[in-house]
Amino acid sequence: MQGPLIDTLARQGITRRTFLKYCATLASMMALPPTAGRAMAEAMAAARRPSVIWLPFQECTGCTESITRSHSPTIEGMIFDMISLDYQETLMAAAGHQAEAARANAMKENAGKYLLIVDGSIPLKMDGAYSCIGGRSNVDILKEAAAGCAAIVAMGSCASYGGIPKANPNPTGAVSVSDIVKDKPIVNIPGCPPIPVVMTGVLAHYLTFGSLPALDDKGRPKSFYGDTIHDRCYRRPFYDQGKFARTFDDEGARQGWCLFELGCKGPVTHNACATVKWNGGTSWPVESGHGCLGCSEPDFWDGGGFYKALSAPADPLKFAAAAAVVGAGAGVAVSFANRAKKSAARASHETTTLADLEK
Amino acid sequence: MTDLQFLTWVRGPGLNIAIGIFLLGVLWRLIEIYTLGRRKDLAAPRHAAGASGFHTVFRRSLPLPGMLKRSPVSYIGGYIFHAGLAIIVFLGAPHILLIKNLVGLSWPALPSQFIGLAAVVTMAAMVVVLADRINKPVKRFLSTFEDWFTWAVTFLPVLTGWMATQHLLLPYTQMLALHILSAEILLVVLPFSKLLHGFTLFGSRWYNGKVNAHKGVPV
Amino acid sequence: MSLDAIPIHVVNAPSGEPGLTGNAPPLLRELLEQVRRLLDTGEPSAIDLSALPLTPADLDWLHDKLGSGEIAVALQANGESTLNETGCPGVWWITHRNEQGAVTSQFIEVTFVPELVKAHPRDVAIGQEQLEFMISDL
Amino acid sequence: MSASLEKGIHALREVIDAPIASYFSSCVHCGLCAEACLFYTETGDPKYTPIHKLEPLRRVYEQEYTLLGRLKKRVGLSKAVTDAELDEWQELVYDSCTLCGRCSLVCPVGNDLVYMVRKLREGMAVSGHVPDGIRNATKRTVETGGPMGLKWPAVAHVLKHAEEVTGLKIPVDQAGADYLVLLSSMEIVNYPEYIEAIARIFHKAGISYTLASDAYEATNAGIQIGNSDLAKVIVSRIVDAAEKLKVKKVLSPECGHAYMAIRWEGPNLVGRPFGFEVVHVLELLDELRQKGVLKMKDKLKDPLILHDPCQIVRRGGVLQAPEPLIRQVAENYIPTADKQKLNWCCGGGGGASAIHTEAAEALRAKAFKIKKRQIEEAGVDTMVTFCANCRITIEEGFDHYEMNTKLLGLTELLAEHLEPVDANSASALP
């Protein structure tokens, strides 16, 4: 499978025009200038395939599913043809020692040049014993693989921020890639799972320009995570008008009104779902009638309940009643003291005489 | 602490603590104040139309003839920012939802653009009122640390709320968390500062009206 | 079962979309600049319509203003794409759709012929091979 | 802490109540009360802001009756009230406050500021932080019966003169009369015409009345200095006399503080409701006017304005009587913009007119500018009022600004224009 990507694609029945069209759309999504589409296509068509090592840690394989099941005939999938995916447990034919050997080999041959993709969080408790591959802990493998890589792509919320394994009370001591690796460029592609085109967009950028795209303060590509779901949501006008669905089966829900009151986390969630949508642009959670869970934000699992509106208390009031009782008690106690003091003052009143007017 | 953790804290434990202190403080202070008692007025009362504590509670919301001209900024600025705060707090959709979650009552909201406008107008009025406090000799003379502090504590929730919805300066999540935190600070400060006037003003007006109504003077 | 059978649908299309924002007219000036540049230097350029805050009404307005020209190209490549010359020769309205028919991106290109329409030399070379093969078979 | 200061704090501890607690908790330092105070509007000095005058009371309230205040005091965050401070505040509480109560009308949160000043004076008085003028007036009232040291023989002399002028008998110590008529020293000394006017009007109306030789003085310096014990001593004389003579009603003279003392503070000072009614002379006159008894032989033509004394109108509740009465006798009455309960004080109430220090007199003169302006804006040469204390202060103001304005007492004015008395009436002198 060596040679320019375009030939590989041609063999799979993807025409040059289809590829150009795809690159134009990809550039548009990544907020690159219109001319970048062609530059991208040219660069990628002729690109040398970089070695990619994909390490799965404490994960559910949802991220891999998302990428590999992206819409037919999988242009996104085709992008993977332009990389040399030297290690991906789920996809590779090799197993056991063979697989491990393949990884070791790729790392050695492409030292300092390979791209490392990680999905899943890394458990640290009990010396990382919660998740091991071939007898070695994830943290160990990560440190070794990271040492020789050019850059790391943290795929999904687990690798980016710890994700569900890190959810309170975090029994395995799960952490993100960036918690462990500090000296390599890391791009986070959070989401549970992430949107496939974001993944391919980042790969395309890396292949075209030899660098990672511009990142925000949470290490996410700005082009996809720059706006919140709420900002781009087609139901946003209903929010502005104050029209809300109050249950999942009321008139408001049928009318397609805003799901804020049903706990939609769109306003605090940065992702591209509202514009890119899912399943080849078919739909996305809000369009299907369910609020955003906020899956691409750090610690979304502990964000105070999926069905609780953002402006509602995250927990039920715990000590309001007790505080009221204590306050009333304090007030009554002070009032008793005050009344006693005042009565005492009145009782000890000395009738004023003229002499008292002098200083 | 991540943004979302911060937001979740202010929505959870932070809110719990703030509402707890608020309830504790308000009850304590109100009981402390109103149980101090008052002597019965033994003089034979004079009755006059429009003279009662109840009347004064409402009548005192309007300036006395001539006063508007003497201190237009206090009155107009004061009306605008009090009305603005009321509109934002009681007619903003997320706020109504919060109230609904806390006490179960709910009513229709105003469009968010209108609330945004109200916030801008409110902030403008508050800035003008602050400038007036700095400029006017009497206000400056009376002002203590508490006056500046409570101004800031009242201003910040409006500012952060508005900045959050307009996506200014900080990401929405951080700004929203700061907004909620600043509102919580306001709740905590309220019972122990002059902001308690939101409650005691009714008592004060009523007492004033009542004492003078006994003499047949509608005040 | 089609998607329409699912009884959740937007009865009232979200408002805010109709109405002109005033963002479209300046684009005409930009196009004029780009056409001048094309004539002076031969350099093609493009405007990414999906990256701009344009409402459907804005797009309709723009579409109406530019009108339609003589050439309309339809490209079947992973969904249909249309590359239509507008009433202003050299200005092309390009819409890419996915297989579901949804618009994925939309451009106005200022060029003599859109790059996508031209056949690439390497593809032409493949065509040449095919023709030679056909002739050799005669 | 000095013994006198201790007494002062003790007195404040006794008088601080729920309204005061509510008022201090409501104040937002908006400063609007300053705009209602003539000492501020005429001087522009922010220290005359009414709420500032109450600072010592606020601190005592906070330190004595709030939990936080007690804690703050304990850790030194709230400093105790000192003699030096009260000394400084004496000017603010007495010289520059006439208890006019205009501030209580404007406070947007509803604070009754004058209510608090009156209470603060309880503490100021017993801790000795009072101006000499008011202290001496109080002493004289308690010791001799009146603030000017006037004794009964002098009063009897004035009464005799009035009888001669009017030709009417003025009853003294007559049990069972309808009205016990009270006077104020100022009227006796400066405006004896008032007594003549009363004699004529009562005669005309055919109402029985009496004076009491042991309770002729209605003014009460005790409520001005702010000491309830002494005020009680003074007011008790009237109560005792009224009860002894079994009168139905007690007639308060025009004097504002006298009315306040006997009508509103009286029952609270003696600690029980009165068995008789207290009526202000204008209330009686207005009642007579409505009955058609008060007929004028002619009317005053000069354009004039009315000065509504604070303690009678704004603070006393005699709101409706003055205007119909002035219209009864004056053809060209010009209502001022700030009239009735909104009227501006003359600057001499609350005992201020008794303070004769140079500074206090200068301040009073400054404050008087507001009255001067009212007169000038109305463009009149005549002002009518119905309070002896106001009259003295206003006359002083006229002198100070060398104004040629005429000042008239309402009751006298009415008496002067009253239809002639029927000489055959029963109460006429033989």
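Letters A, B, C and D name the chains as they come in the text, with residue numbers starting at 1 for each one.
What we mean here is this: contacts are C-beta pairs under 8 Å (C-beta built on N, C-alpha and C of every residue); 3 or more make two chains touch, one makes a residue touch a chain.
Since the model is a prediction, treat every value here as computed from it, not as a measurement.
By number of C-beta pairs in contact, A-C leads when A-C and A-D are compared. The central chain of the assembly on a C-alpha centroid basis is B.
Averaging Cα coordinates per chain places subunit A and subunit C 33 Å apart.
Chain geometry summary: the mean Cα position of subunit A and that of subunit D are 77 Å apart. A straight line joining the Cα centres of subunit C and subunit D is 91 Å long.
Averaged C-alpha coordinates put the centre of subunit B at 56 Å from the centre of subunit C.
In subunit D, the residues that reach two or more other chains under the touch definition are 16, 65-67. Listed for subunit B are residues 28-29, 32, 35-37, each touching two or more other chains.
Residue positions of subunit C touching 2 or more other chains: there are none.
Taken as a graph of touching chains, this assembly fits none of the simple shapes: it is neither a line, a ring, a star nor a complete graph. Chain pairs that touch one another, listed by label: A-B, A-C, A-D, B-D.
Interface of subunit A with subunit C (complex): residues 6, 14-18, 20-22, 24-25, 28-29, 31, 33-35, 38, 71-73, 75, 234-238, 240-241, 253-256, 280-283, 288-289.
On the subunit B side of its complex with subunit A, the touching residues are 2-5, 7-8, 11-13, 15-16, 19-21, 23-32, 35-37, 93-95, 97-98, 100-102, 108-113, 167, 171-173, 176. Note for the complex: subunit D touches subunit B at residues 16-23, 25-32, 34-36, 40, 44, 46-47, 49, 51-52, 65-68, 104-112, 115, 263-268, 271-274, 277-278, 314-317, 319, 337-338, 341-342. By the touch criterion stated above, subunit B contacts subunit D in their complex at residues 28-29, 32-39, 41-44, 46, 48, 56-57, 60-61, 63-67, 70-71, 74, 78, 136-144, 147, 192, 194, 196-197, 200-201, 203-209, 211-212, 215-217, 219. Interface residues of subunit A facing subunit D in the complex, by the touch rule stated above, are 330, 334, 338, 341-342, 345-346, 348-354, 356-359.
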